[in-house]
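Got some structures for you, see below.
Both complexes below contain subunit A, partnered by subunit B and then by subunit C.
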Partner chain A sequence: MYKMTATILFAVFAVAFCNPEEEAGPRLLVSKQILNRYLVENKDIEVKYTLYNVGTAAAVGVQLVDNGFHPEAFDVVGGHLSARFDRISPQSNVSHVVVVRPKRYGYFNFTSAEATYKSSDSSVVQVSLSSEPGEGGIIAFRDYDKKFSSHSWDWLAFTLMTTPSLAIPLALWYSSKTKYEKLVKPTKKAH
Partner chain B sequence: MSKSQNKGFTKEEELLLQDFSRNVSTKSSALFYGNALIVSAVPIWLFWRIHLIEIYSSLILFVVVTSIATYLLALAYKNTKFTLKHKIAVKREEAVTRDLSKKLSEDKKMSKKEKDERILWKKNEVADFEATTLSIFYNNALFLTIVIICSFYLLPTFTPPVNYTVSIGATAGLLALLSTGSQ
Partner chain C sequence: MSKIFLIVACVAFATTALCESCTNPQITSTSFTTQDATIVTNIAYISDFTLKCGNGEASTLYAEINGNIVPVSIVGENQYQVSWTEDTKTARSGDKVVRIFDEDGYAALRKALRAGEGLASVQSLSDVVINHPGAYNGPWLQSELLATIISLIIAYFAISFKLKVTA
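Entry: the complex of A and B
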């Protein structure tokens, strides 16, 4: 009875204390952020990936890949959608930025990127998925332009079109007014 | 007296009738409607380029609203001119009298009555001209200013067709209403 109890207790403690061995080693947390405030058709979108090693050992052979930007929908205009880091030390982080340009407007689901890495003393490949920015609306360029463009040339054209309607009547009235006011003035000066 | 009654009104009476009548000549009417059409149509450019209104789908709306605004604006021109004419006639009376008296003083053959009639006619003409031009300028400036304020500050959240209809229609209506005031 006592032997059985002792054996069971020993087994429980053995399981409990074997966990720290699994926690030792590299552990990457990956964040994927869209840095833009506005997502606009045919205008650049900056995507920042930050890899945090919260583990106790260095992560080696880190490969970051983002398959979420299909070439039919996006052009890559800066950086690459895959990146490689030879080593990320424990309790440190690295970042990677990609600039993409959407070809169409509409709602788009920004999915996770994938990071694969190994520990220096192990050949087991670990996989970590980044955070998911979620659904974002890419607005049409004309709507963005309507909101933010200064329309300087349009206002200038409008001013030119309205000037004759204002300047001509004013000039005609003013010329008549000054002509007849001059006729009255000499008498007033004499007084 | 009987002879003039048989012939109709004297020149003086005709001028007085014209003075107190709101009717405008055909030439003035054409001028008013022409100006009103141009000024009512010009804001379409702003709505197309800045508010991005659809041109082809809103064509009928443009025609209807521009027609209504043209009529109301022409009405505003007419009423404002009538109000201004009397004020301007009073101001220009002395200057016109002096100017014409100087020119006609050398003509000994002309009677005093004829000279007075000419002065009255000239005074009416000058007042008519200045009132017409000032009325057109005043109403145009007010129309364009209020349309811009309405469409960019009061109604930008509405759809472009609604924005256009209310801005142009309400402004033209407001000007027509204001012009009926006695001041």
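Entry: the complex of A and C
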């Protein structure tokens, strides 16, 4: 009777403590961040991918791919959208930065990037999806310029347009002043 | 049997001896830095380089960025990318030198770190230079402010002249 309960309890504990075996191995968490204050058409958008290995073993043959920037809608001006890391040690992180330029304005949904990796002692390929920055509005360049540029040409045009209203009265006054002085002088001489 | 073992051992030894670190490294690089700091929160520095070794070896590379050692990402055949970001307020313009190390260099760096020596004492495989010409942070003087100042000066002269004339 006691032997039976003892074996049952032993079996229960054996299963309960089985868990640590599942968590050994690499585990990558990927964060995808857009480091922009404003998203403007034809201007840089910086994307930073950070891969954190929170597992207990090194991740080997890590391939990071981002298919969310279609070449029809974005130009890649710095970096590459797919990168490979030979090895990411456990409890460490690596980062990868790409700069793209949108060709069109409008709402755009920034989707996840994908990272595939293996453990050094197994051939099972693990997949990790990055965080999704979500939907962003890419402003048309015309609207951005209207709000943020320094408008120096506009100010120059303004000064050119206001100069007549200042210069014409000044010129009229000056011409009448000189005429008056010319008239006054002969009478003084006559004295 | 022992003869075969001896031959195999010799061959193994020879192949490991051939697996040396990169000899005669040649680097060609292109770099990119963001130059408009008004729309981004961090400046990105990206260097794209190809490394050609004399003995055709392409081992894992590591880079030293701002005192930290990071792995270099592989983006193509012999093509590598080193990238990092810095806050716009603390970023300085000028040349940034990134030192590239191979496996042996990385081991030497770790040893130097453990011994407490500086990382500058370890010889790098090669260096990559990223030139940051400085980022545009907005105009120094707002054009509206300049327009206001000029119009106030003109108004001052006009009013003082008028008072002088009518007095």
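Note that in this section the second predicted complex is superposed on the first by the 158 of 191 C-alpha atoms of A that agree within 3 Å, B and C clash if a C-alpha of one lies under 4 Å from a C-alpha of the other, contacts with A are read in each partner's own complex, and residues count from 1 in each chain.
Just so we're on the same page, a contact is a pair of C-beta atoms (placed from the backbone, for glycine too) under 8 Å apart; a residue touches a chain by one contact, two chains touch by 3 or more.
Everything numeric here is computed off the predicted structure, so don't read it as measured data.
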Pick one for A:G79: touches subunit B only (first), subunit C only (second), both, or neither.
second
Per the contact definition in the header, classify A:F158: touching subunit B only (first), subunit C only (second), both, or neither.
both
Once chain A of both complexes is superposed, is A:R142 in touch with subunit B (first), subunit C (second), both, or neither?
first
Can you tell me whether subunit B or subunit C touches more residues on subunit A?
C
For A:L172, is the partner it touches subunit B (first), subunit C (second), both, or none of the two (neither)?
first
A:S95 in the overlay: touching subunit B, subunit C, both, or neither? Say first, second, both or neither.
second
Kindly classify A:V184 by the partners it touches after superposition: subunit B alone (first), subunit C alone (second), both, or neither?
first
Would you mind listing the overlap between the subunit B footprint and the subunit C footprint on subunit A?
151, 158, 166
Touching residues on subunit A, where the partner in the complex is subunit C:
35-40, 43-44, 46, 48, 64, 77-80, 82-88, 94-99, 148, 150-152, 155, 158-159, 166
Could you pull out which subunit B residues touch subunit A in their complex?
35, 38-39, 42, 45-46, 49-52, 92, 94-96, 98-99, 126, 129-130, 133-134, 136-137, 140-141, 144
Given the complex with subunit B, which residues does subunit A contribute to the contact?
142, 146, 151, 154, 157-158, 161-162, 165-166, 169-170, 172-173, 176-177, 180-181, 183-184, 187
Could you please specify the touching residues of subunit C with respect to subunit A in the complex?
32, 34, 36, 38-42, 44-46, 48, 60, 70-71, 73-76, 81, 83-85, 139, 142-144, 146-147, 150, 154, 158
